[in-house]
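Okay, so subunit A shows up in both of these, paired with subunit B first and subunit C after.
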Partner chain A sequence: MEMKTVKIKKEKGVNRHKRAGTLTYHLLSLPAVLLSGLIILIPAVQTIYSAFTTWNGISDDKVWVGLQNFRELFQDWVFWRAVMNNLKWTMLFVTVPVMIAMTAAVIMARFHIGSKSFQAVYLIPYLLAPTTNAIIWLNMIFSPNGGLIGFMQKLGWQLTSPLGNLDTALIGVAMVDIWHYWGFLTVIYLAALRQTPGDQIEAAAIEGASGWQTFYYVYLPNIMPTVRLMFILITIYSFCTYDYIYLMTSGGPAHATEVLSTYAYSMAFSAFKFGKAAAVSLVIGVFGCIAAFFYTWFSRKEALE
Partner chain B sequence: MKRNGRKENRMKKRRILAIMMSVIMGIGMLAGCGKKEAEGGLEKTEENSEKKEGNSKKTDGEKKQITMWFWGAATDYQETMKNVLYSWYNDSQDEYELVLEFRNTVDTDIPVALAAGNGPDIVYASGPSYTSKYVEEDLVLKLDDYAEQYGWKDRVLSVMYDSLTLDGSLYSIPGGMCVGGLYYNKELFKKQGWEPPVTWDEMMDLLDKAADLGIYPLGAGNKGWKPCNDHFSSMIINHYAGADLIYRVLEGEDSFDNPAMAEAVDITKEWYDKGYLSGEDYVNLDSQEVIQLLADERCAMVMAPTLYTQFVGQSFMGADVDNVGFISMPSRNTEQAVYDVSINSNFSINSKTEYAEECAKILDYMLTSDFAASMTKGWPGYWTTPIKEMSDYDGSDMSGLAKLSYESVQAAIKQIDQGYFAYHPATFFPAATLTAFEDVDTVWQGVVTPEDFCRTVAAELDAEIAGGKTCPLVEPKTD
Partner chain C sequence: MADKVKKKGTHRPKSFWVAILVLSLLAFLSLAPLVLVLINSIKTHSEILKNPLSFPQKIHFENFSYTWEVGRFGEGFINSVKLTFTAIVTGVIGSSTMGYVLATRRVKTWKILTLYFMICTTVPLQMFMLPLYSLFVKAHLIGNVFAVGAAIAAWNLPMPIFLMRTYYLKVPYELEEAARIDGASTFQVFLKVVMPIVSPGIVTVACIVGLFSWNEYLLSTTLLQSEKNFTATLKFLNLNGSFSRDYSVIMSGAVIMVLPMIIVFLLLQKKFIEGMAGGAVKG
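The block that comes next holds the complex of A and B.
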């Protein structure tokens, strides 16, 4: 009987403890939930609703048109060009800066000579405002007047800016954004690489592992969670990319660098078709949700592992 | 045991700390909301008291503010605007104060502010297509009474005045008028033995000569401002096909999707393909760089609106300014000088303002030759106000860029008043049509055919004409 009473008391204590724990979690998450609700959820719901209306962005009247905005979008070649460009941009960003940053991070993790000064230099583009970076590239590199390309032309080189050509314009802009972004990635990878247990690296060295083998079998498995996380974040970022494209080409020439965000912007603020722009934003949101889903899935999987 | 006890204590402390943090954050947020409400309350109170002050006369020595937003022009130009407009108004009385605010994102800030029931008292717009949206929502005032009071209809060029009306009512006044034409470098022409072209054939001959010389026939570029496409394409269309083509299309007499328009659009592609529009560097040149090409004798001419005069001073230093000439672009079908007209800005009065009378007084001053001349001296090229009295204005006190700007527009005003003008899309096309038209580079790059392009623009224009979004137009002369 006494034993039973003690057991019940213990269970009650555990339940109370659990309840208190749950309450703490709820209290802790409350600010985030409130912020998300006010700043993200309400505008998101408004945007979703606007996507099914013909709203001019100023009027209170939003005329419900069902799926008309989406039908028009799907028939517009510029929309599909923007989707394709977003996919190309994503492909470029999950490969090129990742490889550059990984190589730089591994080199710095293994050879410490000059790494501190190098770190200071490669972070400079990331610290500069996108407007500054864009002006540097447009006026000091790509300009046929006072830029590097103009200088090379004067020397007799047959060079032209990549931004003027339909086939190279997107790569030209991506190149500038990658130049600005890879330093940040390097910092992330370097921080992850430094968490690799020293005994594993030593063991690999004793076993006579080559540089590549050490990277592949020791470093990479250790930094894999970071690599995966950055992959997801880069994907999300790529579908929201706007600044460098707007600053450097505004989506031109002939929509060669149009992405969904610049397309939505011109739809809203040039043509005053906010309803259609909201529909484009919804498409961006869908891609973002897919990436966010994978991020959550990976995170949970890692937590379980 | 002891270790476990310590661990439990630590856990407890952490939990307490977490709860305290949550409570503090929650209170902070509530306090924030409360503060905002309190501030809102305060704002309302101030607003109310301001209203009271507005009904009475000045009570505490503070002036009532009349706000005006403008785009983020260069600092020197901002100073000119302050010295001319701000000083004139603020010195003229001591009850109100005009407050000028320069914003780089003015085109997006104003619609958002107006939609929220705020915004400046004097509403800037980068063309009538913006204003038409505000008119639809009653965000700006009808100016008919003020137009009558100040006689604006008789003072402003009718083609400009009419373009700012909707359903017969005036909603804004023009800022600066731009006229399209050709800038050329007199020194280069002298060296090459060239004469400024008067006929279409002379112009085409000159463009080919420049290409043979290895320089760009025309300086042009859309770096940093993609809508520039409409300057160059519309000038070619207007002077190749005739000024009445765009007029008929805007009046709905012809569809934009017609063979004459497709042919004219195809000519713009031909010019682009031949490299007349700065070749492959079109997207790498901004307006300033285009003028620099002219100064460096790397292009024969620059085909642009007089808005570009504001860039001349930075490339043609000092006395070199006199080397710049400006002529109308020759037309294929007439020997008359035909100018492409547009408005670089227009100004309305916020329907929520309490100081409409004062705003109208300021707008009226902006339609005087005194304002236009003073602004042109400090900011040549932008403030060429389309008022009839400018054609008789004695500009003997002007020199350099101001003289260039004043003379080019003075010559244009005479021609425009007689009906020799053509419509520039930036001012006269409704918003969605203009956006579609600015995509003319898709034709130049071979992405779509001229016919497909015309069909796309026609679809937008037809819808906007049906929605009553075009303004009344004066028929241009074509003989």
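The block that comes next holds the complex of A and C.
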């Protein structure tokens, strides 16, 4: 009886506020809606439209050409090279940093060490600007003059910069990006691992589970939602990756490190073919949308229910 | 309890030392390039060329003041502060209001707004950058650090919104209710009752937005254009282009870029980690 009255009271309360205060809530949603609408939504719609036109970015002339931009793209080998490189990049990023970060996070969680000291150290490269990191690696490590590789060459080692070689350039850039990125993943995985219920870990210890068994049967199922979410986010980021590639190789040598975003950028700002660049952006957007669908699917439960 | 004492005692299992070894190795890999930069920043160009691994024979602190001058870092840091400050204010206003709307769900549009901002999380920069560039050209905003700061904040709005939302969800409903009974309007409740409780969340959002906009590259370089408007990161990139023959300039410039970040991070470490983990870990 008492419970019932309380419930009714609460419902009444909500209703009253609904009547009195929706205007305020609408006003409160304005800053974000206006900001995102002006900077993201309207330009994004323009991008979609421009992809079917011959826009040069400067004049307002946009001649509708249908699918011509896309037809031209699909006949360009550089476009396909870029798509392949994005796929390779994705493959590298959903494996290498994930494994390093998982190893570090599981060790820290299991032995209760380094959650402050080691974690902070791993995070430092992630905090630095891509420009800073790229310049450091270009000059300090990869340079044949003052860099580590150049010095080792002088000592007689058979080493060359991976960035100058067609086969290794992409891996060379990815190496630097991974160096800067994996610490961030470690922080995320460790935070998720910490939410593993203590009694489950204790039970596993009493049952005599090995380290690997504890990881596979206790930790992993608990952090799976986070692992899955990060997998999707990494995929999305891999399809719009730009900074490190442009800063270190600008897509070269001979388009060996060209990805969709560098391709779109040079199309727009070197060739002034904004329409065609918009078409490339749309391709990136489609890849992003596929991943976004899964992202929304997985996080929908948490935010919408 | 007894188990814990044993663990803390002298008999640590072999696996513990292997774990320490692995973690230390990873720490070495993270720091080695930065330590190399630090050592070489106080050497002369020819010393670096001779052997990048050697310690300096004489410490050249004047490298820093010289680099600061030729790289025009003073101007760059002022631009960075302006841009970052604008981004933080914009981001905090946008996310603290929208986060509240999404957490309270009192407007019918909350579902559409939630979906919209979820999709925005994954929208690549290329999807909106080209029309945004031409909008900036038309509005004569190219080179305006404040406008670019606001644009960076808009791009990075979704994550802070959802972060703020989780903070608002933890605010007890009774507290808002009590304030309403006392006659407070919705806006007063939001500003005077709820905001103070979620202020730790606001600091976290400010840290994350600040870090991102300070480091941002692609949007800044596209929309700032001329050298006098460049942020510190872009000034350093410029310096790398014009002084590529002098390694002591590049290395001391790198230290100028790295050191402030590390100091700020050590001061606000907890907030940074909270913000990063909060954006991705599902409770």
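By our rule, the second predicted complex is superposed on the first by the 257 of 305 C-alpha atoms of A that agree within 3 Å, B and C clash if a C-alpha of one lies under 4 Å from a C-alpha of the other, contacts with A are read in each partner's own complex, and residues count from 1 in each chain.
What we mean here is this: a contact is a pair of C-beta atoms (placed from the backbone, for glycine too) under 8 Å apart; a residue touches a chain by one contact, two chains touch by 3 or more.
For clarity, every value in this text was computed on a predicted model and none was experimentally measured.
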item: Partner chain(s) touched by A:195 [first = subunit B, second = subunit C, both, neither]; value: second
item: Partner chain in contact with A:97 - subunit B first, subunit C second, else both or neither; value: neither
item: Partner chain in contact with A:132 - subunit B first, subunit C second, else both or neither; value: second
item: Between subunit B and subunit C, more extensive residue contact with subunit A; value: C
item: Contacts of A:280 with subunit B and subunit C, given as first, second, both or neither; value: second
item: Touching partner for A:24 - first (subunit B), second (subunit C), both, neither; value: both
item: Which of subunit B and subunit C A:40 touches, first, second, both or neither; value: second
item: Contacts on subunit A seen with subunit B and repeated with subunit C across the two complexes; value: 20, 24, 27-28, 30-31, 57-58, 138, 145, 269
item: Residue ranges of subunit A in contact with subunit C within the complex; value: 13, 17-18, 20-22, 24-33, 35-36, 38-40, 42-44, 46-47, 50, 57-58, 100, 103-104, 107-108, 110-111, 113-114, 118-125, 127-132, 135-141, 145-148, 151, 179, 183-184, 187-188, 190-192, 195, 211, 225-226, 229-230, 233, 236, 239-240, 242-243, 246-247, 260-261, 264-265, 268-269, 274, 277-278, 280-282, 284-285, 288-289, 291-292, 295-296, 299-300, 302-304
item: Subunit A - residues contacting subunit B, complex; value: 20, 24, 27-28, 30-31, 34, 56-60, 138, 142-145, 149, 160-161, 163-166, 169, 249-256, 266, 269-273
item: Touching residues (chain side subunit B, partner subunit A) in the complex; value: 15, 18-19, 21-23, 25-26, 29, 107-108, 111, 114-115, 133-134, 136-137, 139, 222-227, 280-285, 289, 292-293, 431-432, 434-436, 438-439, 441-442, 444-445, 447
item: Subunit C to subunit A touching residues, read off their complex; value: 15-16, 19-20, 22-23, 26-27, 29-31, 33-34, 36-37, 40, 45, 48-49, 51-53, 90, 93-95, 97-98, 100-102, 104, 106-107, 109, 111, 113-135, 137, 150-151, 153-155, 157, 161-162, 165, 177, 180, 185-187, 190, 211, 214-215, 217-218, 222, 233-234, 236-237, 240, 244, 247, 250-251, 253-254, 257-258, 261-262, 265-266, 269, 272-273, 276-277, 280-283
